[in-house]
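The two complexes that follow have chain A in common; it is paired with chain B in the first and with chain C in the second.
What follows is the complex of A and B.
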């Protein structure tokens, strides 16, 4: 038997390209459904676990899915904005505690989450290194962000402009990294957390600049009268908040009107939740309240409906591939007729010839199985990260 | 010793039949068979080797009635008693020179591959000038080297019968001489019977006996 395996191995090694193609085909047929299954189950787990722990979400009317995906999984798709007033309404209702969320900006590819310290308590996020948020312009990094960017407390992180054409408006903010969170194995690992006011600074709603009353350079002043001083575009806007200039940062307009992407509502009990939901039923309301669990359930139903179609396609493609493999072997036998005749004329039995060919198939299947096991091992081990990389985020 | 008596053979397609009344080759004898293409020379070699079975008559090798053996025994007989050198070498491209020489030992239970056999293969290959090419792939050899590798494979089991089917057909004169030397050495060393089909009339004087297949056969036709 060992001799058959040796001869079969030599044949497969000699015909490397053909053998590699066969191994790739067999492996793909086996690995595709398995990988899909593992990743979808993990994505279901991740999506549901986060959705289940977030009781209610208030946001602008529109796509509930966009609202949930942006608020829970920090998706790039920004929903319609609501104002800070929505947060205050929830608070004033006495039915739930609000946590404001402003998930709109990015820093070096990672989402900036403008929120309050309540968010850290709600998600059970622990600071591993440094401290939590305290001052304007500070940020705390999710573990994966810190690892990926090689940042630690004391370093600086620059926010990214929303678009490269946004010449007139938003200046990047050079944020002070004050802490790094423990890994939470959730979307929070890939987030940059700032106070919601810092997020407004990034937007330019809260800003700091030279004191116009003290400025004497005429090129900086467009108009000056008793009530107002109008500056020119030459006036230096602070893009970094430090101890010296923090006092110069100020709001323009009414902070209640400042934007948020959503408000997480944490009701005291089921009754409060029901009452609160009832208050958003009105068609005239410009806001909606959603239960993330229901939204994600709907999404998963669609995903698994698609998966069942993909499964059927994989079965058909798999069968076609297997038939193609059988055809390849059959054609290969015809091409090898002369070689098989030689072996037969030397004194080899037909059974041994079958054994030689069987050994070739067995080796291909064993290598494919090893490859599938390796891929399956990697996928199973890194399913959490893979799902976050490809599906959830 | 090879003996054929009252043999009649026909291919299943029925388009060729061969009859041989009497054919003998003694042990240690070197016989050349000449004749035009299609006259049945290769068919006769296949009948002696037990690859083909006659309809009637008898093929005897060293007292063994080849056509009376079962399929399995005939295969064992062939691999242990017959050294066949094919016209086109018929080596396996995907094996090295040494693996090709040892190939019969890997495909049958009748022969056992031992360290001694391996040493013998190496010595045989060295004797035929292939010592430095044992681990080379067959595709890297010249025609002459391929034929020498094929001869090594045929002679490995020290067969009682050596059948060479136009073994020198594709070779230059110098290589033809070497090939014949190797075959003759084995015949003399082990008292084997050599039947060599050839079209090369220059080599005929070196054989003990030359049979013109056209004169000798009893019957051949389509």
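What follows is the complex of A and C.
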């Protein structure tokens, strides 16, 4: 038996290209459905776990999926904006506690999440290094952001302009990194957290500058009368917030009118949740309330519908590949007819020849199985990151 | 032998002392732990001014641990806490805000929204908008002004009672099992505040129409509620006003011939003497935004009312 295996192995080694092709074919047929299954299960777990822990989401009417993907998975697609008034309405209803979200801006490719400290408690995020947010202009980094950008507390991080063509727009904010979070194995790892007011500073709604009523430089003033002072473009707004200039930062207008992308509503109980949902049923409302679980369920149903199609395709492709394999073996048998005749003439029985061929097939299957196991191991180990890289984000 | 006996005796005494010390230390440790446990059970409440701290303490009693960390002698409306103080605010169970854009530092720090209680929400539609000041424009947001909202809301004692009610409700939400006790204590505080309101109403009636001056624009709610004919200057008690300020006062006196001027604190003697020479007597009416040197919010307000009442005389 060992002789047969040895001869089969030598044969496979001698015909490296053919053997490698066969191993690749078998491995691919086996690995495709497996990895797809692992990745889809992980994506389902990730999507659902975050959706299940987020009871209700209030946002502008429009795509519920965009709203959920932006709010829960920090997707780049920004939903229609709502005002801080929506946050206050949820609070004043007495039915739920609100957590505002403003996920619109980026810093070096990572989403900036403008929220309140309640978000950290709600998601169970712990500060690993440094401290949590305290002052305007500070940010706390998700673990992956800190690792990727090599930043630590005490460093600075510049917000990115919304578009490269925004030359006349607002200045980027040089944020002070004050903390790094423990890994949470969720989208929060790739986020830059700021207070929602700091997000408004990035937008230019809250800003600091010299007191226009006190400036002496005439080139800073375009027009001055009893009621109004108009500054020239020379008036620079502060792009960093520190102890010296924090006092000059101010809101324009009522904060209730300031924008948000969504509000997470945490109802006291199921009854409160139902009553709150009922308040957003009216067609006249410009806002909607969604249960992220339902939205993600719908998304997953579509994903699994696609998966079943892919499964069918894989079965068909697999069958075709198997037939091709059979053909390859049949053809190789024909090509090896002279070699097999020689073996037969040397005194080997037909059974021995069958054993030799069987050993070849077994070796190919074993190598393929090992390869599949290795790939499966890698995919299973990195499924979380792979899903976040390819599916969630 | 004798030396050994003495040594043993000393050793025994030393052991006894050490045992005693250990017992005392153990007892102290237990006491400390017990106190910590009691303190841990207490609701930790941080406030942005003294009136709210006073209300919270009156309503919460021993069940709350009230903190107002602004240093003495500073106006809490314009105070800016440092990072360690902000973190202390963040770790509180409740943070009581005055509302009406009081304590501007709140807009510049991160506080957990779910712990914040705006005590003046009930009457926020009645906030008094201050002089909007000069508007200005720059950048994409267009014309705007930084004129503020009058924020010494508690000087209208009926509003103060509403703020106290908001505190009682917030405490009851945090400790529902103590709601009845909080309500009972609130009722006592409310009656004190409404008594002040009633007394101030009668003072207001006596002062009706009579021109009054205020050194600083902090009495807007007092003026509205009690119908005072009050005009405000921008004078500081510890700064002698300059020539232009005195000239401005002379101009104002022509159309508003006031003989009494309300001050947040005792003005420097030079200012007081010059006012006296103009026939204007000074009366201290402290808003009591920070912890007073003696007494508490209620005693300071009673003192304010007595001072105002006495300067008005029996028939105003």
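Following the convention adopted for this analysis, the second predicted complex is superposed on the first by the 375 of 393 C-alpha atoms of A that agree within 3 Å, B and C clash if a C-alpha of one lies under 4 Å from a C-alpha of the other, contacts with A are read in each partner's own complex, and residues count from 1 in each chain.
Assume a contact is a pair of C-beta atoms (placed from the backbone, for glycine too) under 8 Å apart; a residue touches a chain by one contact, two chains touch by 3 or more.
Keep in mind that what you see is a predicted model, and the values were worked out from it rather than measured.
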item: Simultaneous placement of chain C and chain B on chain A, clash or fit; value: fit
item: First (chain B), second (chain C), both or neither touched by A:325; value: neither
item: Partner chain(s) touched by A:251 [first = chain B, second = chain C, both, neither]; value: second
item: Which of chain B and chain C A:6 touches, first, second, both or neither; value: first
item: First (chain B), second (chain C), both or neither touched by A:339; value: first
item: Which of chain B and chain C A:349 touches, first, second, both or neither; value: first
item: Partner chain in contact with A:371 - chain B first, chain C second, else both or neither; value: neither
item: Touching partner for A:98 - first (chain B), second (chain C), both, neither; value: second
item: After fitting on chain A: smallest Cα gap, chain B-chain C, Å; value: 74
item: Chain A residues within the chain C interface of the complex; value: 97-100, 116-118, 121, 131-136, 138, 169-170, 195, 197, 204-207, 209, 212-213, 226-232, 235, 237, 246-247, 249-253, 255
item: Touch list for chain C against partner chain A, complex; value: 80, 83, 86-87, 90, 107-114, 133-141, 143-144, 146
item: Interfacial residue positions of chain B with respect to chain A in the complex; value: 46, 49, 51, 71-72, 75-76, 78-80, 82, 84, 86, 90, 92-95, 99, 103-108, 110, 113, 137, 153
item: Interfacial residue positions of chain A with respect to chain B in the complex; value: 3-4, 6-7, 10-11, 13-15, 338-339, 342-343, 345-349, 352, 356
